[in-house]
């Protein structure tokens, strides 16, 4: 196993982790940032998959603009998920 | 055994779908959809990857036999833009919903039923 | 353009013209002309049709619609046409609306088309057209009743559609000739399984049963017949319900052999026919009892119609040549006497505006011609010679006896008795007795209506005195001597009926009685007053008279049975369905976007399990 | 004339939609007239294409960029596409007339753009011969539909749009996964080439890919249980848009479904997918009919009815026989006509009387007799009464269904149709035999449209031969995959 | 409790679906050469389109129809957002002005960011990037302006018109192709005029790709800025 594969695995792992965080975080702002992070990691992966065009587009549109639009929408609605949702699982409580 | 990229892509799709299925907040569901789209895009690009080849930019030193498949990349370019378009539409709908219903909980947004 | 098509579409076109040219007299004239063309064409074709059948075909939507005029279809078409023209005359007086003309004549075309079609597509098409026209007639007057009629008709139509579909899938054909040949062949080969045959049979049974008004699918009939223009009801009950009967005849022709081999024999009777016979018998008994208990003229005749069609089914179900002859004869006689009844009812309602027995009485003096017509109808229905009704019932009875079906014969007898019971009531309560004071200025029925009645009364007498005219036609139709004798005499294996002789004797006896009545008895005219309660004041709670609750003791005796009503059963079923619909709707379309995405995931899961397992 | 000019079908709506922002200041009337003119032009082009395809009998293959497929994207305008592009254009034209009355909510210029692009999306979906291009056009249609559903900007509209969006989003994501799998397995995106290569795909991949693609399209095609968005969207959308949804947006989805289904018929698990689709279609009909039964809102009721009729089309397409496909196409034509009529009538009543609740329909026969006539004819046709057009297609479908050996499906569908008959019956009764009211003035153009549609309905009902022969040709276009492959001038890349 | 059940049910279902998808994907080996049409593109891209970047050539030229649709989708999104968030009068409601560092920085940066975006889309046929990221970069410039200044608003009318004109020009370029070469979206600059044939690998080559990418870049930039603008302005009632 060479180092590049290592990095790949780590990146994919982190991407999945941030996806989980994006889904589980109750603070929607944080969740939107998490989503943008997923896009960002994905764009690095695109780069590793020899797709620089896609990487650029994903970074510019998927991560930056999409995240920004999400943040604006959150600003115009509500920041937290409503309260009747039960306490999140142990893996997220910290 | 499938590749790590496939694994990552499918995981993203499933995590996104999970958010749609379980999270009651509309914005959370939309985040889920967005993550799903990212996953699908990743899948498409990884299908086009070929070991040991470089990006399909045929400048000096890179001939037609040293480049990866350009088609999935072209498709993903389109798909990303479509994804952001959907997201923007969805978010403006969510804003209207919040104005009219005062909540973003899908269980309360159900005037149309039956 | 073929003359057959002219005849078929003349009523339809006349209907549309009458609807468009909605002016008082023009409308009626167009309608009557349109309705009288078919009988003219049929008369023209009489000599041709006895030697060969006439066919014609159209191509519509990739389907070929074939039409044929054979001896059988000619017979049915003539019945429909006679009733149709009588209806047109009746409607000229009773109906003031172009809407009625349009849909009545549409259904006329529908009925003719059903009789003339020689393939399933045309048959179904005209079947629907006829249903549609009659449904629109009911819809205008009563929503609840029309809904019942509608739902049952649709169920019937769709059953037929599925049955036709199965036949098409099995034989690859839709025209009667090919289907008949294929099914006859299949009776030997047996590639259509028993279950499938039974399914087709059941589906057709539902379809034709609905239209013929066989118990338990009769629930639409009383309401639809009574909540209607009574002139149209003459056609509805007289001709349209015969389409169901024709369907059963067709069933015999097309798949008799197949049904025989597939379903077998029980007690020396064909099973499928036996079922039909019993349905007929039950219909006769149930409907006749219910008819007796009615307090409304329209309801009474409505149930009576249901019951009389039961006779026809019963005759068909006997399954012998004689049974067929009786049934087909009864088709004719029921059409003419029941339509006559309805026209008489129409006249009564037109002139008095009343429909309940308790409000009527003593009209014989005011409407003598109508009364005479009513009398003819009563005699015919009750099966008193020398009317057509007697001849046909006699044939049916003979058929039941010779086929060794005593129970069925009993049903015929019981039905006749009950029929007598209710017509007597009609005869007395409407025409005789004390006349309510508000009916003192009632006038005779208008001329067109009388013409219509006369058109129907004449065949009643003619075919009553010369029943051999009809049976002779049947003999040619079957190509075999089923009922012997000449014009006036009917000879069957078990008995003989000489109509002319009976008539002569009857006229002779009646004249003697008349002479005695006029000259012999000392009569005095006294005003009729309500005195037959032995001087006791009549209390409202137990007021039994010929006009009111006359058969109440019977109703009390039948109380246990009357508790169960098919009508209520269906209503409950309908309510259950609606509740189920609500439950389904609220449960599935619950408004939650999340649940909807769960549905999507479940479908994915199904797909996945499919792939994984 | 160069057949490549058929690409104007795509170009005209696009360029005109892009032009709308420039005429923002001209006011509402001008923009609506503009849309009317554009749809008329589009209808003209579509008529030309239709003529061309049906007189020569050859499909028009538009090759974008001059690249022969599979290198470039081709538009395959065969008999089916020619017919349906024409229907799309005509329906849009009629609805552009209806816009004058029905759409009052600002901003009209945006509405006009979305309206034109909805037409474009459906046209593209029907015409395209490339599976990813299909996805793009599907998204154009879907996103336009999301926007138009929410266009009224009420809470209900936004809610309906949200549901549509969530379900559509999931559907399109999985569709794209399916496309990715197909691409990965065959290396091409051209439908004809996929059909050529379909038999060689690894069976597992083929099974997953076909299932996912069908799943994604079934969401658009409103098959149970993926149709939960449909009644809401139909109810909340502006009236002309609802008619367009029912008349061609769904049709485009179901066409795409059928097209891909038959293209992939070489796949091993094809029969299983057919069984599943038949079950889904049958359930669609049943559930939708029952749901419509006690509906108070007539627009929603007709929406359910539309869903059920579409289920019928789905059933016909899923039979896997030539007869079934022909019958399905026939039903598509007829259904488009009657649903335009019904939604036009109901929408007009809702505009005039302030709502589509059944109460507003009482006495309609006296208040707006011609509209009432339109709704009545539409209802009677929907039930399948002879002399109206749906009768023929329903008959064809039932015969085909039984012929294919699915008598139970036919029986269930017909059983559900009894329910349909009941609720239409109630509507017709409420219109003609209850209630009273003053006679209102009815708009002449709308009445003219309704009378035209009634005439077409009755004409097809009495003389279905022409429409039937058209649908046979169109059905053959879908069913006969070998012919389709032969018609596309494939370049022979890799094959 | 119900919720935990629901969650676990969802997880189980998703795992099964995931397994199924993975099973399907296992039939498509990762990293292997599976190209069919792609190979053709790589072999012929320079000769046929004059672009070095094969992805760009595929996006704009070979599969130009997709891109046209893609541009339309974005146009729909901006239109749709505009239609949905429309109100008689709207204003920005941001309270906090950006810090002085941010303001100054952005004032300095904006022209460069826009220039960079333009660079990206003009060089689309040579280097990675193209109209979409380029346009997005331009939009980012406006996003930064919005963030820094509470009162800043884009010239909306002009932007919308630009959007429309850009879209129209795209279609017109395609229609010129139809008129000149007989095919919609035909690359008339390269294939008919043979413009820049000797220039492959430099900016003045690639047929209509730079033209279209410029159009797309402008269009995407204005559209995305329009979306941002629409999201940020809220309805005000007098």
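As written, the chain order gives the labels A, B, C, D and E, with residue 1 at the start of each chain.
Keep in mind that, in the parts below, contacts are C-beta pairs under 8 Å (C-beta built on N, C-alpha and C of every residue); 3 or more make two chains touch, one makes a residue touch a chain.
Remember, it's a predicted structure, so these values are computed and weren't measured experimentally.
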item: Co-neighbours of chain B and chain A - touch as defined; value: E
item: Shortest chain-hopping distance from chain B out to chain C; value: 1
item: Chain nearest the overall Cα centroid; value: D
item: Busiest interface, counted in C-beta pairs; value: D-E
item: Chain whose mean Cα position lies farthest from chain A; value: C
item: Chain whose Cα centroid lies at the greatest distance from that of chain B; value: C
item: Length of the line joining the C-alpha centres of chain C and chain E, rounded to whole Å; value: 74
item: Geometric centre distance via CA averages, chain E-chain A, whole Å; value: 21
item: Where chain D and chain E are represented by their mean Cα positions, the distance between them in whole Å; value: 30
item: Whole-Å gap between the CA centroids of chain A and chain C; value: 76
item: Where chain D touches two or more other chains at once, by residue number; value: 132, 136, 139, 143, 146-147, 150, 153, 158, 162-163, 166, 170, 177, 184, 189, 204, 207-208, 231-232, 291
item: For chain E, residues that touch 2 or more chains besides their own; value: 3, 10, 14, 17, 20-21, 23-26, 28, 34-35, 37-39, 41, 53, 55, 63, 66, 69-70, 73, 76-77, 80, 84, 128, 130, 132, 227, 231
item: Residue numbers of chain B (touch at least two other chains); value: 5, 7, 11, 13, 16-18, 20-21, 24, 26, 29, 43, 46-49, 55-57, 67, 71-73, 75, 77-78, 80-82, 84-86, 88-89, 91-96, 109-112, 114
item: Chains touching one another, given as label pairs in label order; value: A-B, A-E, B-C, B-D, B-E, C-D, C-E, D-E
item: Complex contacts: residues of chain B adjacent to chain A; value: 4-5, 7-8, 11-12, 15-16, 18-19, 23-25, 27-28, 30-32, 34-35, 38, 41-42, 45-46, 48-49, 53-57, 67-68, 72-73, 76-77, 80-81, 83-84, 87-88, 91-92, 94-95, 98, 103-105
item: Chain E-facing residues of chain A, complex; value: 51-57, 59-61, 64-65, 68-69, 72-73, 76, 85-86
item: In the complex with chain C, residue positions of chain E that touch it; value: 10, 13-14, 16-17, 19-21, 23-24
item: Residues of chain E that touch chain D when the two form their complex; value: 20-21, 23-28, 34-41, 61-66, 68-70, 72-73, 75-77, 79-80, 82-84, 86, 88, 157, 160-161, 163-168, 171-172, 174-175, 177-178, 181-187, 191
item: Residues of chain D touching chain C in the complex; value: 162-163, 166-167, 170-171, 174, 204, 207-208, 211-212, 215, 218-219, 225-226, 228-229, 231-232, 272, 276, 287, 290-291, 293-294, 383, 385-387, 391-392, 395, 398-399, 401-403, 405, 407, 410-411, 414-415, 417-419, 421-422, 425, 428-429, 433, 462-465, 467-469, 472
